[in-house]
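Pasting the structures here.
In the two complexes below, subunit A is the common chain; its partner is subunit B in one and subunit C in the other.
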Partner chain A sequence: MAEINKNGQIIPIDPRTALLLLLLVTIAVFSQHSFYVEIATLLVIFGLFLYGGLAESGLKFVLQFGFLLLLQYAIFPVAPKLFTDTFSILAAYARKVLPCAMMGAFLVKRIPMRYIVLAMRKWRFPQKLIIPLSVTIRYFPAIREEMGYIRDAMKLRRISGAARIEAYIVPLMFSAANTAEELGAAAVTRGIENPAPKTSVIELRLCPRDYVLIGCGIVLAAAAFHLR
Partner chain B sequence: MTAIQVNISRKLKGKDLITIGIFSAIYFVFNFIFMLVSGFHPVLWILMPGLIALFTGVPYMIMASKVQKPGAIFLMGFITGLIYFATGMFTVIILITFALACVLAEAVRYLTKYKSFAGNMVSFAVFSVGMIGSPLPVWLFKDSFFDQISEQGMSTEYLSSLNALANNTILVVMILAPAVLAIAGALIARALFKKHFEKAGIVKTWQR
Partner chain C sequence: MIDINNVSFGYNREGDTLKNINLHIGKGECVLLCGKSGCGKTTLTKLVNGLIPHFTENCRLEGEVVAAGMEVARTELYELSKRIGSVFQNPKSQFFNLDSDSELAFGLENIGASPEYMRERLKTVVNELNVEGLEHRSIFSMSGGEKQALAFASVFAMNPDIYVLDEPTANLDGEAIEVLRRQIGKIKHQGKTVLIAEHRIYFLEDLIDRAVYMGNGEIARIYNGEEFFSLSEEQRVKMGLRKLSKEIPSVSRLPGRKTGCELVVKELCCEFKGIPVFDPVSFSAEAGEIVGITGCNGVGKSSLMRCIAGLVKQKSGKVLLNGKILTLRQRNKACFLVMQDVNHQLFGDSVWNECEMSAVYDNRLKIEDILRAFDLYSWKDSHPMALSGGQKQRLAIASGILTDKRILIFDEPTSGLDYEHMLAVSRVIRKLAERQHIILIVTHDMEFLNVVCDRTIMLTAKENGREA
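Showing the complex of A and B:
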């Protein structure tokens, strides 16, 4: 079963497997023309969710997919024209990217960022790319949080129109610039500029389950090209 | 007495990399918002590169001011492209135009020595045009593109309104809009620099 690390986090699969699977699912989703491949992709990822102990969130994605199918095949043909016009492209697009979004959600929920950094290091990504990329991914939740605070502050002061946009952007930039200063100082203190190769307490090892998953991904991507 | 050595290294340091990472996150979020909005109507899709340019001017110019070194824009573009690609939202065409735009924007910055407002504004205009790769397939592979999206379940109304837009005039508008609106975005950024950021010491004043 899934491994549990010292911090009590469940790490169901090797981060490299998860990243490869994301890539393969993306290839499969965007080159498939067959409904069966679409369903198979979804089921493989759903299986992965069950294995990683994320049954509830996996079920939510499957239900969303079902809802989109219902919308496209049962509701759009009979709905008013305006409704269909507005939502048809969104529904088609959402259905298309749903497996990728699901795989992405799995990564976010089950693979901690340090494992992803480690995977990139194993693949010999340059350090100059790993650092900003990991900062970018870690900063997304901070942006969301910041936006919430700004919204609360704005409620107190009745700001409207174009001033609202300014009132969002300016504090966001201030906090970003300050975070960059502080994080930069902290990272330099902790030796980010040390040219010696980085070491890690975590050891990555590919297990049979990783090979099985990568195999599934390759089969799906190959099937996407050949089945019509 | 030895004079204090001024470090004029052009290599990206730890702090620069972190700054690039943070502003790439903000750039990506703004970009993504308009990517989502563009799903509502063909006109929004075609104007998307321009709208993104108008709103991302501020983060781009702050980053350009804070990291006056080669590679900053390239990394920002690479990160944006990588996240979009990994989540399946970039086609090959947009990857190509985006990469070209990043390289050209870096070249503009190199030639204008990184320090001037005008040079960075031009590099931002070039960088912004990279997003045209998203609607470009409409013109590049006109017929096969329409076949493909109708197969994906787009409504006939959407197809016909997109078809009506797929002419050469709109193509020129689509390409020029990001360049023009990028300049507007950069000017907005300069106004905000004067009003807020320079006073607070977050960014340096641009050199002439």
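Showing the complex of A and C:
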């Protein structure tokens, strides 16, 4: 059951599946010693990208991976020692974390914050963790907006050097205090303190494709331990 | 529905913000609270929605408030919130979620309503309020007016018996106010009780049953709707109230004065992420002239001003001062922008220091002179953040003048101001015009526009730069 999110995009999989996959992929790539497992992991995630309508960005990741392979197997053996020494470790690490980064990108691009909060609620993460986390994430874009205004103001006043840092912090602190107060008032008058168990308009339901994906993840993680 | 009996209230131990308030509002009544800034109208709304005493520390409350059958002081906020809905002034800071769908459902999710009920209810809300355009949106892509409409819809979703609105139009343009007017009409028709504190009054004609005029924390007089809207112009001004009828921008007062110093904007056009924000705009302004710029929320007024000030690069067109084309950097130097939220542009640790930071040359006399001119001299050792809103605004202007700026741009300088403060701002701006500054004012406040501007430019979505 594919849902449409705020930008008219399709939410391809259950947020819980996505979070679990991220965990399983991480386990797989850091414990694998087999090229086949690595390729399989990459292909599974690429498949997910295609399914989620992210072919272009998925292809970019695959090309990056291909480039790293090329570097390691075709260029490093013939390149000057200095070049190889400088970049080989970097390349090896980049290749390792690439599948995780790819899975992370999928989460950010396709699963809205609201769904991730819901997944955490389903898993019975404590409210004490969920509320601050969601408020923090809610506040980041607001800070970016405010920093934009402050940057404008500084440009027109020609403030430079160390004064700039202070000039960012003071207005931000004051506006944070105000925002916190106003946001708090809005939240309490809408009943956020109600002890009743919270419900949600969206109902999360795991469907076959979620089980298939989780299955793939488990197979990959297991294979990583056994295949040499 | 709302009974306020012998209430006195203070935010601290000494001094009363409200004195001896007795007010009884029946079911289905729509009541306006009005009066000058600081008269206690916002405080009175907080007594009803429970922010006082539950969300206010160290306050002192005497008397009794009963709303929707609950004694406010003895009822938990989340119980009150089921039957009393509140909409606040600042559309930016009343959202807990980042997308409109979550926000609409937020109140219902908190009381633990069933998903089936919520889906039904949200459908009804969207239909009844005609807010289809607000579904599936990111909060950051919405204009102030849309945000306020969403705030109203989210409260409407909870279907409270009492609506408490605290200056809901402070940041809205004429169109958004019209939307709010229809929404209030809707709930009134449903027999809901509405308590609204406002400076802008004109849009409430035909909606309110009574108007409570407050002064110094007391109820000075209660009018019925008809009586209130037939107050004479003289009485209105004496009471310090904003216009009772809708203002339309009037035409130029002083066309074409030649002073030799002139700002010319030619075919200016900006882009945001590759999409033109507005069609090319052309206009000119003389030294000593005050030009108002108006148009709906989101039509690109702010982008235009930021472009003139050299904060964003134009796609095409140019800005000239005294016949010379200015680069971005030169525009940064020539222009000063007084922001809607002046908190973003005060950086000093005292008023004096704020001025010193800006002064192009170290000139104590000039700083003193300007601080006196803006009524700030006696505050010279205070921290800028400790000043009142109006003082902060004047300090920002002072810092702009000290940087030797010729062009002063004001972004919504009167949002949320009462009549007297609005007049005070317009006096300051007049004074600046006399000092031969070129002044551009972006505003939705038609009353202010008519008081202060010599000329008005109306930005419209299709063909821009039409002069009214």
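Note that in this section the second predicted complex is superposed on the first by the 157 of 228 C-alpha atoms of A that agree within 3 Å, B and C clash if a C-alpha of one lies under 4 Å from a C-alpha of the other, contacts with A are read in each partner's own complex, and residues count from 1 in each chain.
In the analysis below, a contact is a pair of C-beta atoms (placed from the backbone, for glycine too) under 8 Å apart; a residue touches a chain by one contact, two chains touch by 3 or more.
For clarity, every value in this text was computed on a predicted model and none was experimentally measured.
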item: Contacts of A:63 with subunit B and subunit C, given as first, second, both or neither; value: neither
item: Contacts of A:149 with subunit B and subunit C, given as first, second, both or neither; value: second
item: Touched partner set for A:187, first subunit B, second subunit C, both or neither; value: both
item: Contacts of A:167 with subunit B and subunit C, given as first, second, both or neither; value: second
item: Partner chain(s) touched by A:113 [first = subunit B, second = subunit C, both, neither]; value: second
item: Which of subunit B and subunit C A:23 touches, first, second, both or neither; value: first
item: Subunit B versus subunit C as contact partner of A:157, first or second or both or neither; value: second
item: Touching partner for A:200 - first (subunit B), second (subunit C), both, neither; value: second
item: Contacts of A:212 with subunit B and subunit C, given as first, second, both or neither; value: neither
item: Subunit B and subunit C contact sites that coincide on subunit A, given as residue numbers; value: 135, 137, 142, 166, 170, 174, 178-179, 183-185, 187-188, 192-193
item: Residues on subunit A engaged by subunit C in the complex (per definition of touch); value: 4-8, 112-114, 135, 137-138, 141-142, 145-146, 149-150, 152-159, 163, 166-167, 170-171, 174-175, 178-179, 182-203
item: Contact set on subunit B toward subunit A in their complex; value: 12-15, 17-26, 28-29, 39-41, 58-59, 62, 66, 71, 75, 78-79, 82-83, 85-89, 91, 149, 151-155, 157-158, 192, 196-197, 200, 202-203
item: Touch list for subunit A against partner subunit B, complex; value: 19, 22-23, 25-26, 29-30, 33, 72, 76, 81, 84-86, 88-93, 95-97, 100-101, 104, 128-129, 131-137, 139-140, 142-143, 166, 169-170, 172-174, 176-181, 183-185, 187-188, 192-193
item: Residues of subunit C touching subunit A in the complex; value: 49-51, 54-55, 76-78, 80-82, 84-86, 88, 90, 92-102, 105-115, 118-119, 122, 136-138, 140, 151, 154-155, 158, 306, 309-311, 332, 335-337, 339, 341, 343-347, 357-358, 385, 399-400, 403, 405
